[in-house]
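Encoded as structure tokens, the structure appears first; notes follow it.
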Amino acid sequence: MIDKFVHSMADAVAGIADGSTILLGGFGDVGIPTPLLDGLIAQGATDLTIVAVAGGRDGSAIERLLSLGRVRRLICSFVRPASLAGRLFQRGELEVEIIPQGTLAERMRAAGAGITGFYTPTGADTLLAEGRETREIGGRLCLLEYPLPGDVALIEAWSADRWGNVTYRDSARNLNPVMAMAAQLTIAMTRNVAALGELAPETIVTPGIFVNRVLHVPL
Amino acid sequence: MDISPLDRNGMAAWCARDIPEGWLVNLGIGIPTLVADFVPADREVIFHAENGVIGVGPAPAADAVNPFLINASTTHVTLRTGGSYVHHADSFAIARGGHLDLCVLGAFEVAENGDIANWARSADEPVKQVGGAMDLAIGARRLWVVMEHTTKDGEPRIRHRCSYPLTAKAVVRRVYTSLAVLDLEPRGFVVRAMIPGMTLEALQARTEAKLHTA
Amino acid sequence: MIDKFVHSMADAVAGIADGSTILLGGFGDVGIPTPLLDGLIAQGATDLTIVAVAGGRDGSAIERLLSLGRVRRLICSFVRPASLAGRLFQRGELEVEIIPQGTLAERMRAAGAGITGFYTPTGADTLLAEGRETREIGGRLCLLEYPLPGDVALIEAWSADRWGNVTYRDSARNLNPVMAMAAQLTIAMTRNVAALGELAPETIVTPGIFVNRVLHVPL
Amino acid sequence: MDISPLDRNGMAAWCARDIPEGWLVNLGIGIPTLVADFVPADREVIFHAENGVIGVGPAPAADAVNPFLINASTTHVTLRTGGSYVHHADSFAIARGGHLDLCVLGAFEVAENGDIANWARSADEPVKQVGGAMDLAIGARRLWVVMEHTTKDGEPRIRHRCSYPLTAKAVVRRVYTSLAVLDLEPRGFVVRAMIPGMTLEALQARTEAKLHTA
């Protein structure tokens, strides 16, 4: 019987190696699996690359991870200069790679979909394109972008079953389904547990084939 | 006659009047976000937020906040009846794939060649804040900008060429400022409307780019 | 008030021009909007390019369109040699472009998503790659593929509301959501009509922003 | 001892025995489709169909056919409890993105360098039938082939190099034939199992490629 539920935080985050690339779902405070990040902090992995929509605000789980010196590199679409990430970067204690938000999502989607590269006009006419390969397609300058895969994705679900099928609540969907596709090991925390078959097949957003472990973390 | 430059709400309202029913519209952070407040509730305009919300509605009552529902400014919002959710890659497929009838952004500068600069004041800024602006700017069918006509120091923002790092080239179609509405045409900026009391001469004096009349 | 419902087949297919590229949803007999294809036959547009998963079987609506000489070019993943499409092609009366099925879907998805080109290993080591641009990425030979947009998409929905929000039933989803994104004009026929708000926001598969016209065609 | 080559069901059953619980598996048309019939119902193997079905179940009873539910061979099927649906681009993202633990395909020929030819008998065939085979072949984590060991005329299908147009290069990991199970390793084909009565010499006589032993 397939049963992807794990029954402790330690089991949920077991085996995450030093040097891993972690895809971290969420946008603002919504859909971000903060308990899993705290679990990762307790688990001890370090020298991490974190991929997230932004560099984290004061009091966020990302900030806690950064403050412990566990992050080598941050890949995201913006960093507030006054945030811890912004300050660490300016002190040379953190590598930061800034990617337009749509390109960030699309690069992870490409990783999940077996697309080995793609062209986009986003950023092609900007200083983000400096020194990079461009190509004119249909009269428009485009940048060549490569997939952005993760070793681990940490995602927040609203409901999940033992096959790892997942639904999300409202705008908590955001990057979570994309990251679930793009990582070797996808760890979901879910607010609710569904019996197998309880989630209507047409309404499942992330099929369980993209999810490796599920931990129930009630609201 | 004295002139009274429009305030943020005034600019937002001016822009809102020109958005017809049925359009799919993304509003950038800052003044553009205010535009939604000036679209009458019975005019069905569908607002898109980058975090995957289609059909963003007004702010909720204080006692009816849905903690799972925010817009791209991370402000709590409601979902309009008929709204739906998509994931981030699909949301940016909407933005980048030409499905937005309109995107309204703020900017530091707009140039007469349609260039927009709205994400960095200098190429040397150590910490970058790109967000989704570049995706929106290249992808929307129409890009309108809402911004003060000049900087606080009176420096022009309507430029011959942008001096700040570009967000995208040759994409702006219209600019709503505190003083005027300008369309971008192949010949450059064309004045569509001015606030009461403003003259073409006075407007040109506050503008680096050459202004044309229709 | 936004109301995308049209009330006659003539209104549904109005304005489809000669020479149009038509994206036709469906896989096998499931999810194919046969009534809309029949409407297109009655409407009269000709010199069409049809994009579909396959070349159509005996008795299919594609076959009727082909038999009337209304199709100049067929883009699909396979054509049975004995089918009408196969015979027309062998007689030089129909252009046929064969594309691997995943690449076909992905090229339409790229058209809908603003991706101006992408690389895939699919087909790169085959005779489909002859004379085409390839690139080695990560040690793997990849083909460069371009978007495949449509002028019109014809799709079958299970339920739809006046904003054009759409759900699909079971495997009738198939190419329909992808084509809805990839066309300038998307025309949906729906088996059921929902009041606005009746379709739960998390369960809408194709948001109405991708749909231009909806025709109610009860089962 | 006489040898009795396996029939289609025998080959499918041989393959089915080696598929463990929990794998996501795509079965190509022909003999591979039969494999599902030999996986016990209590072993949870998730079958994927290119048309967007995850968790394909057995054929329905004649009076319980769901007209909206078919597999990639356009045969009516059921959905297993826990199954779900995705659209075609997401379905091929699964296939191409490395999410299939296994794909089982039929073939005309397999070569000792892992090449597979299964879509055309000649580069000059006027009408092409590619379907999804090339996507599946390059994308699955493991590609197994199930096919007769030789053609009806006794010509070898296990080749030094494929003579038919390739579907993909260097992807096959294992072959189940009517006579044997062969693994593809860097040195070439390695015999894992043979049907009763078959000898290495007799198998090699029916095989163009050199056979190795473990």
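Letters A, B, C and D mark the chains in the order given here, with residues in each chain numbered from 1 onward.
Operating definition for what follows: a residue touches a chain if its C-beta (ideal position, glycine included) is under 8 Å from a C-beta of that chain, and two chains touch if they have at least 3 such contacts.
As the structure is a computational prediction, the values presented were derived from the model and not from experiment.
Participant: Could you tell me which chains are in contact with chain A and with chain B alike?
Facilitator: Touching chain A as well as chain B, we find C.
Participant: Take the average of all CA coordinates in chain A, do the same for chain D, and state the distance between these two points in whole angstrom.
Facilitator: So the centre of chain A lies 34 Å away from the centre of chain D.
Participant: Distance from the CA centroid of chain B to that of chain D, rounded to the nearest Å?
Facilitator: Distance between chain centres: 54 Å.
Participant: What is the distance in Å between the mean C-alpha positions of chain A and chain C?
Facilitator: 32
Participant: Spell out, as numbers or ranges, the residues of chain A touching 2 or more other chains.
Facilitator: Touching at least two other chains: 106, 109, 113-115, 120-121, 168-170, 173, 201-202, 205.
Participant: Which residues does chain B have that touch at least 2 chains other than itself?
Facilitator: 79, 85-86, 89, 92-93, 95-96, 138-139
Participant: Looking only at which chains touch which, which shape fits best: line, ring, star, complete or other?
Facilitator: Drawn as a graph, the chains match no named shape, so other.
Participant: Please list, in label order, each pair of chains that touches.
Facilitator: A-B, A-C, A-D, B-C, C-D
Participant: Flag every residue of chain C that touches chain B in the complex, lowest number first.
Facilitator: Chain C reaches chain B through residues 1-2, 109, 111-115, 161-163, 165, 181, 196-197, 199, 201-202, 204, 207-210.
Participant: Sort out for me which residues of chain B touch chain A in the complex.
Facilitator: Residues 49-53, 66-70, 74, 79, 85-89, 91-93, 95-96, 123, 126-135, 138-139, 165-169 of chain B touch chain A in their complex.
Participant: Show me the residue ranges of chain B that touch chain C in the complex, using the header's touch definition.
Facilitator: Contact set of chain B toward chain C: 21-22, 24, 44, 46, 48, 54-55, 79, 81-86, 89, 92-99, 138-139.
Participant: Flag every residue of chain C that touches chain A in the complex, lowest number first.
Facilitator: Touch residues, chain C against chain A: 106, 110, 113-121, 135, 137-138, 140, 142, 146, 167-170, 173, 200-203, 205.
Participant: Quick check: in the complex, which residue numbers of chain C touch chain D?
Facilitator: 27-31, 53, 77-81, 86, 89-90, 96, 98-103, 105-106, 108-109, 120-128, 158, 168-178, 205
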